[in-house]
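The following block contains the structure, expressed as structure tokens.
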Amino acid sequence: MTLDLLGFARGPALKAALAIFCAGVVWRIAAFALLRIRRDLNRPRTSMLKYMSMGVLAIGTRSWPHPQFVKRTGAGEALGYSYHLGLFAILLLFGPHIEFLGSLFGFTWPGLPSGVITGISAVTLTLFLGVLYRRVTSRVIRMLSNFDDYFSWFVTMLVMVTGMATTAHLGARYETLLALHILSVDLLLVWFPFGKLMHAFYIFPSRAINSAILARKGAPS
Amino acid sequence: MSRLGDIPIRIESMESPVPDRPDGGLGGAIDAVLSEIASLLERLAKNDEHSMIDLRSLPLSQADRAALQSALGDGEVHATLQAVGRSTARETRFAGVWWLEHRDPAGDLVAELLEVARFPQILASAPDEIADAAKALRSHRRLQ
Amino acid sequence: MSASGPGLTVGEMLRKHGVSRRGFIKYCTATASALALPPWMGAAMAEQLRNAPRPSVVYLSFQECTGCFEAFTRSFSPTIEHLMFDIISLDYDDTLMAASGTAAESALASVMKEHFGRYVLIVDGSIPTGASGAYCTSGGRSAEVILREAAKGAAVILAVGTCSAFGGIPFADPNPTGAWPVSAIVGDRPIINVSGCPPIPEVITGTLLQYVTTGSLPDLDENRRPRAFYGNSIHDRCYRRPFYDEGKFAKTFDDEGARNGWCLYELGCKGPTTYNACATVKWNGGTSFPIESGHGCIGCSEPGFWDKGSFYTAQAAADFTKSGETRPLEVLEFAGATLTVGAVLGAGSAGVGRLRQHRSELDEVAQNDKGTP
Amino acid sequence: MILDQADSLAPVQRVATPEQPVVTPEQQVAGAMRGFSHEIGAMSAFRLESCIHCGMCAEACHYYIATEDPQYTPIWKVEPFKQAYKREAGAFAPLFRLFGWKRAVTADQLAKWQHLLFDSCNLCGRCSLICPMGIDVTELIEQARRAMFDAGLAPKELYRKAQHQLLTGQPEASDEPYREQLIGIGKRFEVEMPLDAVGVDVMLCVPRTDIEHYPEAVAALARVMSHLGVSFTFRSDGLVAENYGHYAGSQAWQRAISLRLIEQAIACNAKTLLVPECGHAYAVLRWEAADLYGKPLPFKVQAATEYLAAALQAGRLKLGAADVGTATFQDPCQLVRKGGVTEAPRQLMKAMGIEVHEMADNGMFSFCCGGGGGVVDIESAKPLRYRTMETKLREISATGAKTLMTSCSDCRHTFDDAERHFDSDRSASSLLEIVARNLVDEVSAP
């Protein structure tokens, strides 16, 4: 019985990575969510229904800065969202990816032509380089950045680059490239719970909960 | 679907594994072949270098092939060989560009090539066969 | 069963059979075209072969199904007859030869002695080593012993078929016979692997032809397969490739996509990871190949192909469940288990966090008064 | 200990407050870590977890906008808090310690962060509006400030005032106690100042800034309340609206100071505790007091502005045209961004026929005056504060309005201080005072 690199990448390595991913994510969330929650005894300004719905609404409204801030942060947000959109398009609409996810979830959905995905990948890759450039050149972001930021960037980039090389059959044989691509995904899954990639799970609850707390006071968000 | 007979069957053409383009238009393949031929001809003119293109190695659709044929047209020479099956060598309207077809004894096409040369190499008589022929003629009844 | 007198070159042999030089050039051109070799190779091959001596070939069959040999005999160009009578001298083959028993044994011994260091050894089938080699014997000797002996005087060994090249089906988990590929037994002779289950007939004969023509080993890939035939993946040369690039996939074997001839990737086609000449040389004299007939490639020419999961699971699919084919239920169980582990660990962390947390008298106030409205 | 004495002490004019204890660097770190540990809860941890280091919050902060100095990035101001959380309390704290992904907080760091947490943050809440993750950054800064108090690193001005208020009820000593000053103001402006009445609808408190600098505003409050015909009272033992315990970062002191007002409101059976023009006093009483009290308050807490606007809406308050010319309005951060009191002042101004020229950033986007969060009291914060204020002053000039109005005495005080510093001729007016000047008598029966 032989176990080649590809078999290892999508077999034992993927299984271990998914195990670490699932357990790690829940672990990390439970570890803080089960900490003390202070009950707010102050009289709310609005009904619970109202401030809860304001919170849910904020998931959408926080997607774009308030008009007053657009001049200062609009470009940064646009950059951020566009590469995220690119990443999601590649992840969710590329045939082989649908096949992969389908093999996990048991159902599939229509994708985009692979040529279109290649185009999106090229654009996303460029934007992603732009993100790094911005992180390194902006004094504020550079100061805030730590190993987590750079490593998370690197892992995501690795997945993109190996993915594109695999599709284009560049540099090595398909199965080697595919194995490297899947291994990089394994690495990403393993890293996921430990770093900032967790924001994928945080972003909507964070917007909703923080805004609901503010809305309880009648405060804008 | 309960019985084998219910499975729909469609025979696909054996001739054209490459699907014809839905728009019926010509691919860039023809242009590429023509420009390749042109540069091969230039080399033939300059250095007397002869060369070949195996048409079966190119991903040409039926339409592509017909387009290539009409682009190259027909020239002065048609040669027919009878050697382990029939073969034809046809000069196109571009001097030095030859269209070769080889068929096996059963008549099936076994090779199709473009040869860029003063004449197709296969037409020349072989020196050892010429020597054999000379010997054979010498030993011919009439000369003895 | 030597088919011709010894000592004649290929050219002499041909002329004896009344084949003209033009006929031979044409034949070689057609062969080169069928093997997807460069067109000038045809004429060059014809020129070289005419003056090349016809090598002696020994064909040994071990733990195999004779499928490879069946394929070998069905080569269209060069045909096996042509190959056998004109180009090589097939001096031992236990399936074809008329002789049997001691006569056959002594024929083999005499070829090995007479052509020592010059004959081509073709091996078909894997070599079982379990039970002291008792799973495959001939004349009271095990396959391993026969192979080792025959390998000593071979100029080159052609491991024909995935079994002899990579172990194939006998080698697959749990490998009850302790089977091994030729390369695991013979370490000191040049080996050319001609894999496939079976290999494409023209690839077997073509590789042989190429060796006879040039007298040297062809350019080999990392699996010791001739790059001329195994240099590209099926996927790279597949006529359905445009559909892959457009993202048009057949989802089942009888859907609209399948009828339209769309890419079979999602139906488990192993074309992207399989290196062979099926898409170019094709089968049955260039008639078709599995993908053209509507079935995905099963990757039979790759090492360990039998152990790489279901033929019908897409290449991109995850592959970590026992069944080989990932089933959502198994995934759910797996996710449930890991999520539970995570939740327990998280609750533990939070519990420890709460215990370690600094508390002030204010917390006590809030604690005591809790509940009173 | 101090807490126990505090309750037994009657407000006195002048006490000798104990000096802020000097602590060793080790004690500072230990104190800060104790504080961080105390502040960690599900919500604060979630906020710290969610930050993706995008730096957007810098673009909302007037300190960063004025200086372009990256250290003033709001989320950076809680970096030690984040560090302590990830290293000590997060899910993978052992890993963070093992691999050194987060270093331990040091005393040097804390000293530097004293400047970032106190001198350069008004707790204005503008950054909480810009965060794409929705993080309420200000809430984290308030928590980090409390840990700084535990580290013994609260700014000395705030510490001293908080302690003085804790012990005496007054943040500072005054020649005449505030209670007597209040009576004096009543006489001077000919307004009735009911003191220590029981069974009233409304209990009032006073910003000490008003007593010291703007007596007319104190009188205005009483005048408007009398005009509305509401039964109200001041309480001798619960006079000061501000809470310096909150500024300094001591939750225990903040609680003791808030308790005074709560107990007095309960003692006089008030239905409403009305917080006059003081933003942070409102926020502390409205949004934090009940938690420190341990149960919901048995009375409502309202800001004067919203109380008056409600009376206006109900038709109980009639206002005449005010002769102030064009005006622009400075929104107090704590009222708009912590309490949503945005429309109330505008309704009042509209009722008085005032032509309002809004600033470029107004309402929920208004910049802080620069004095909030106790910053106006911190001596070392002064140079930066003036520099930062320029943004605000430019916005005010750009409106071309004649009058600058606000409904926070701290804003007003900060602007008046700037008037002296920049030698300009622009002072700020109190909306309450203008309302009091333009009361119209024929009020329909309530």
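As written, the chains take the letters A, B, C and D, and residue 1 is the first residue of each chain.
Rule of thumb we're sticking to: a contact is a pair of C-beta atoms (placed from the backbone, for glycine too) under 8 Å apart; a residue touches a chain by one contact, two chains touch by 3 or more.
Just so it is clear, the structure is predicted and the values come from calculations on it, not from any experiment.
Chemist: Treat touching chains as neighbours and tell me the shortest step distance from subunit B to subunit D.
Modeler: Tracing touching chains, the least step count from subunit B to subunit D comes to 2.
Chemist: Please find which chain has its CA centre nearest to the centre of all protein CA atoms in view.
Modeler: It is chain A that sits nearest the middle.
Chemist: In terms of C-beta pairs in contact, which of C-D and A-C ranks higher?
Modeler: Answer to which pair has more contacts is A-C.
Chemist: Relative to subunit D, which chain's C-alpha centre is the most remote?
Modeler: B
Chemist: Express in whole angstrom the distance between the two chain centres, defined as the mean CA positions of subunit C and subunit D.
Modeler: 79
Chemist: Just curious, how far off is subunit C from subunit A if you go by their C-alpha centres, in Å?
Modeler: The computed centroid separation for subunit A versus subunit C comes out at 41 Å.
Chemist: Between subunit A and subunit B, what distance separates the C-alpha centroids? Give it in angstrom.
Modeler: 56
Chemist: Could you please state the distance in Å, as a whole number, between where the Cα atoms of subunit B are centred and where those of subunit C are centred?
Modeler: Chain centroid spacing, subunit B to subunit C, equals 32 Å.
Chemist: Give me the residues of subunit C that touch two or more other chains.
Modeler: Residues 345-346, 349, 353, 357, 366, 370 of subunit C touch two or more partner chains.
Chemist: Where in subunit D do residues touch two or more other chains at once?
Modeler: Only 40, 89, 91, 291, 294-296 qualify.
Chemist: Every touching chain pair, please?
Modeler: The set of touching chain pairs is A-C, A-D, B-C, C-D.
Chemist: For subunit C, which residues count as touching subunit B in their complex?
Modeler: On the subunit C side, the touching residues are 11, 15, 19-23, 25-27, 29-30, 32-34, 36, 38-40, 42-43, 77, 239, 242, 254, 259, 261, 280, 285, 287-288, 292.
Chemist: Give the list of subunit B residues in touch with subunit C in this complex.
Modeler: 1, 7-8, 10, 12, 14, 17-19, 51-54, 56-57, 59, 81, 83-85, 87, 102, 104, 108, 110-113, 121-122, 126, 128-129, 132
Chemist: Can you check the complex and tell me which residues of subunit C touch subunit D?
Modeler: Residues 345-346, 349, 353, 356-363, 365-366, 368-370, 372-373 of subunit C touch subunit D in their complex.
Chemist: Using the touch rule from the top, collect the residues of subunit D that touch subunit C in their complex.
Modeler: 34-35, 37-38, 40, 88-89, 91, 93, 251-252, 255, 291-292, 294-296
Chemist: So in the complex, which bits of subunit D are touching subunit A?
Modeler: That would be residues 40-43, 45-47, 49-50, 52-56, 58-60, 64, 68, 70-71, 73, 75-76, 89-92, 95, 101, 125, 128-136, 286-291, 293-297, 300-301, 336-342, 361, 364-365 of subunit D.
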